[in-house]
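The structures considered in this document are given below.
Same chain, two partners: chain A is paired with chain B first, then with chain C.
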Partner chain A sequence: MEKRVVFRSAWLPYALLAPQILVTVVFFFWPAFQAVWFSFQLQDAFGLNTEFVGLQNFAELFRDSRYLESFKVTAVFSLLVAFFGLAISLVLATMADRVLRGALAYKTLLIWPYAVAPAVAGVLWAFLFAPSIGIITYVLKGWGVDWNWIIHGDQAMLLVVIASVWKQISYNFLFFLAGLQSIPKSLIEAAAIDGAGPGRRFWTIVFPLLSPTTFFLLVVNIVYAFFDTFGVIDATTQGGPAQATQILVYKVYHDGVKSADLGGSSAQSVVLMAIVILLTVVQFRFVERKVNY
Partner chain B sequence: MRYKTLAAVLASASLFAGHAQAQTEIQWWHSMGGALGEKLNQLASDFNASQKEYKVNAVFKGSYPESMTAAIAAFRAGGAPHILQVFEVGTATMMGAKGAIVPVAKVMADAKEPFNPKAYLPAVAGYYTNTKGEMLSFPFNSSTVLFYINKDAFKKAGLDPEKAPRTWKEFAIAAGKLKASGQSCVYTTSWPSWTHIENFSAWHNVPIGTKQNGMAGTDTVFTINSPLHVRHIAMLADFAKKGWFTYAGRTNQGDAKFSSGECAMFTGSAGAQAGIKKAAKFGWSVNFIPYHDDVAGAPQNSIIGGASLWVMGGKKPAEYKGVAKFLAYLAKPEVQMDWHTATGYVPITMASYEMTRKSGFYDKNPGADMAVKELTNKAPTANSKGLRFGNFVQGREVIEEEMEAIFAGKKDAKAGLDEAVKRGNEILRKFEAANK
Partner chain C sequence: MVENRPFLTFFSHATLILGVVAVAFPLYVTFVASTLTLEQILEVPMSLLPGDQLIANYSQVLLAGSHKGSAAPVATMMMNSLIMALMISVGKIAISIIASFAIVFFRFPLRNFFFWMIFITLMLPVEVRIIPTFKVVSDLGMLNSYAGLTIPLIASATATFLFRQFFLTIPDELAEAARIDGAGPMRFFFDVVLPLSKTSIAALFVIQFIYGWNQYLWPLLITSDESMYTTVIGIKRMIVGSDAANEWHLVMATAILALLPPALVVVLMQKWFVKGLVETEK
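Coming up: the complex of A and B.
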């Protein structure tokens, strides 16, 4: 059964769609087209000399070991952010689901960080972990840890992962909680009567039934790690030290805006565009089918 | 009440009068925040008050890279400012943009304003002059690297606080004693590449790149993997391992580590003095940067950092006249002295240096002339005149990335500097190709 609204007028549907299409064209298609166009050019910073160089920018990109390194960094970063973001919020949601008294207060507190802008979240954690003055640094130094993320790449990575995960937990928490609450109590009770313990009940009933939510959140979290963490990184490590936290989207910004290399930067955003299109297609085509709805 | 009305009428009348004369507005984009910004605004308003034809409008556009990016975007869209403050690493990019800028020498000559490049400190003028001897931008705020020590920490470690280490050998001895006395951070630095590659090279009279550090052409390559460079960076990595050197970051993060007393020794901009003066609760002194005493000719002279003013192209002749008038005003010795004494930047003309010296300022503020002395320690050579590398904003980052890898112990000094040269040269080739 399909529901279909039929417009009698020939122009009305287009007119109604026009504002949305206009916004999409101006803010999405036009810049995307420009990125593709610039990616074939070599241009000086001021745009005084422009030369068409074909695929040279792309060839250079893939010859550049730094760029390939950035792929690795992005993969590690987004996997860490997505995994910990989902795992921690699932634990919290399961806990909050069982709380009887004061549940609203817990939930509110857990949702709070979502209202914080990524850059602010970054600065907050950067202060806590600041090499000279941070409170956590002070504790770590007391334990004999040489904490200085300005120079140690893995510590810098840890910092941006913590800040990004902390910021995203609230969002995941909300969806998981809603998902948990929509699971019929009768199923769980039936399993309990059959003698399944809490762990078994969770893994064999709750977790599979949550899979649509988990899948949805996985997509959202990976996209978040790919793009929205820009603020966190710009406010803390700025891709350093020695590019240890330079994820792809930060490199696009860095090379294009800070280094005024428009051609190289555009080529990178074209690659990034392709990755995202591919990722979305793969996820919705193949992964979604296996999800237990 | 009546007086107030009268005053208001007069005020609006004078406003109209001013309007009738139609002042020519000159936009000046800069990156001086905080106290420096206030001082800069005062320069503009003093100039505006000194004449009626022109009005300089100073606009803060964020950090150096931010204002440069903003100006480039504005230029592409046809709305660039008349005057733009650009930091020294952006110099080659600006020079390469021939259609986007007008050489300062030409602006001054066209407007028949007095302008003598010889009046400037050679280390300053050389940085902004092309091989034909034409000054392309107007030196504005210049600083150099100085070596700071915490005298109280020296005393505590049993060292003579009046004798700062002069060489890296003496430095190592002092560092060992400071560490033994329980100093948590012995030494740190701000601006690692500017200090330990660029100024290090000039101070030891070795090239940073071929073609006179890029000043004689864009077909230059980096030479910062020479045995002396490798030895110096390896020494720092060794210091880091021993806990004598704490890396603070790529910009001025080291300043706070010194002024808070955390680090006992520090290399940073001469411009850091104002902040340290305010924050430090201990005795300190500024000194020449240490050198390796087995290198012939060292110490040579240090090179500048800071920024200069570029005049952008495509404006009306009347506006250029105003720009020239304003720059001539800024070059006056008394204006320069005011700027120098208030900010800690180097007095960039010999006349203003002399004037400040005669005023007794240096007697009251020991160390305030240390930067000038270091810059003019010897007559600059091809290696110590300055540097001019295309896209050096990017090039410097490459160097700093490799330095970070070396200091973290991930690479040895030779491998890191070789990689910095290789990657740096790729950037230079790209610039050469885009600016043919």
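Coming up: the complex of A and C.
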């Protein structure tokens, strides 16, 4: 879509675009270009000498079992976050769409965790699950569970998944609720007249019609789990124990900032960039076309 | 409602109440912990009823910080968070609205090229270019400054899109009338476009304020000076060891102070928040 009526000026549009373009070039394109450039180089331990090594950093990366492990951890983590985040919020949104009384109050009380920073969400849940003083730990110990996420990798994973899902439910809930409210009531009524019960109506009418929303949220949640959960992990497990929760983004940070391995960290950045580009393309192609029946 | 099923209605309410309680539980425990003494928290299990240390704990963190971790007062951190959130939200809106104005209301060489340049930034989140961006900011001498905290984050593809979508819906007649009356483009921008964009600006502001307030990785990298910490970073710096070694009563009070302002913005400006969330994702 284009405007028919436009203004003419030789310099004004460039001046208006200048601040945005300047920021993107200096803080986005230049660093991204450098990440690609560094990924082809090898630096000695003091950063005095750099040598062009081609694809060697990438080859090493994919031979490194710890990097492959981090891929696996990221896959498990993002699938768990996306699955539980979507399932719980779909249940809540379906219920909230049904009730007449108190709908606004429920909505208000369910959306506020969106405002909580991921790092703060991590601290809140780490406190509840703290190995010696946590209140949930106390209950779990009463049930005979040996709870200590500082030692057990699977429990650490569970902790970061819970904190990440808790923060994301409000977002998914709002989009599911909007999706549910846009389904024509006449379809549901027709099915009810034909004798379909609530469960049948949900699975044969509502759920298929909701598929564009679900697919969109799936992509958004995977992106969230890949990148925005950095704060959750840094404030709780810091990738431990024994890298059980070291997702790719955390590893880039760990190798680049803490271990100062410039080439290796940049190669990881480039791999991540490729993943983001892939996810963005998927999101735009499918969401624009609206997956539907 | 399609039909009356009392049991299903009861079940819906029960599920929602369970959801609300489960979502609020961590917040409640955090609040209770922030009103207890450290000794009371370390008694397992801790009490689930608020104690009497509310004023003592909050004035301690606000004015003096923690004992073991960062000793910077949280009041300073909250001021830093506020400045960061405001500069990011206002900056993003300002540079995006003029950029989309140029793209929609002018024809000039390289217009599409610039539009795609802004679009591509969507694919370059801070997380994938940590080290090189840090180097750029450090080379420019912007470490430990508000400029360094905010300027690298204010480019916004989503805000530019949102304004572009909205500007495309402004009737051509308005621009035509303005031109016939002899108004230049900037006059048209300030007198027509800006007032019409009020609701979009409000919606974006809410979303970007929360985004700015909750930044974590970026301030973690570029602030080493305690006086430049934001509240979210402050919490992280107060956690010195694991488990019982921390001053949990102070950490929890700081956590409440870190989440209260953005949570209030969401709850009080709910209408704008929902609008902003739904529209920025289009």
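Keep in mind that, in the parts below, the second predicted complex is superposed on the first by the 256 of 293 C-alpha atoms of A that agree within 3 Å, B and C clash if a C-alpha of one lies under 4 Å from a C-alpha of the other, contacts with A are read in each partner's own complex, and residues count from 1 in each chain.
One rule holds in what follows: a contact is a pair of C-beta atoms (placed from the backbone, for glycine too) under 8 Å apart; a residue touches a chain by one contact, two chains touch by 3 or more.
Bear in mind the structure is a predicted one, so any value in this text is a computation, not a measurement.
When the two structures are aligned on the shared chain, A:Val257 is found in touch with chain B and with chain C. By the document's definition of touching, of the two partners only chain B reaches A:Asn49; chain C does not. Within the superposed three-chain model, A:Ile150 lies in touch with chain B and with chain C [touch as defined at top].
Within the superposed three-chain model, A:Ser211 lies out of touch with both chain B and chain C [touch as defined at top].
In the superposed model, A:Ser269 lies in contact with chain C only, and not with chain B. Using the contact criterion defined above for the overlaid structures, shared-chain residue A:Thr280 touches chain C, although it does not reach chain B.
Set side by side, chain B and chain C differ in how many residues of chain A they touch, and the one touching more is C. Of the two partner chains placed by superposition, only chain B is touched by A:Gly240; chain C is not. In the superposition on chain A, contact is made by A:Ser132 with both chain B and chain C.
Note: residues 131-132, 150, 257 of chain A belong to the chain B contact set and to the chain C contact set alike, using the contact criterion stated above.
Chain A meets chain C in the complex at residues 1, 3-10, 12-14, 16-17, 19-21, 23-24, 26-32, 34-35, 38, 88, 91-92, 95-96, 98-100, 102, 106-121, 123-125, 127-128, 130-133, 135, 138, 150, 166, 169-171, 174-175, 178, 185, 188-189, 192, 198, 216, 220, 227, 230-231, 234-235, 249, 252-253, 256-257, 262, 265-266, 269, 272-273, 276-277, 280.
Within the complex formed with chain A, the chain B residues making contact are 65, 69, 72, 75-76, 93, 96-100, 246-250, 253, 256-257, 260, 262, 391, 393-394, 397, 401-402, 404-405, 407-408, 410, 423, 430-431, 433-436. Listed in rising order, the residues of chain A touching chain B in the complex are 42-49, 51, 66, 131-132, 148, 150-153, 240-243, 255, 257-261. Of all residues in chain C, only 1-3, 5, 8-9, 11-13, 15-16, 19-20, 23-27, 29-30, 33, 41-42, 44-46, 48, 94-96, 98-99, 101-108, 111, 114, 117-118, 120-125, 127-133, 135-137, 151-152, 154-156, 160, 168, 172, 175-176, 179, 184-186, 188, 210, 213-217, 220-221, 232, 235-236, 239, 242-244, 248, 251-252, 255, 258-259, 262-263, 265-267, 270, 273-274, 277-278, 281 touch chain A in the complex they form.
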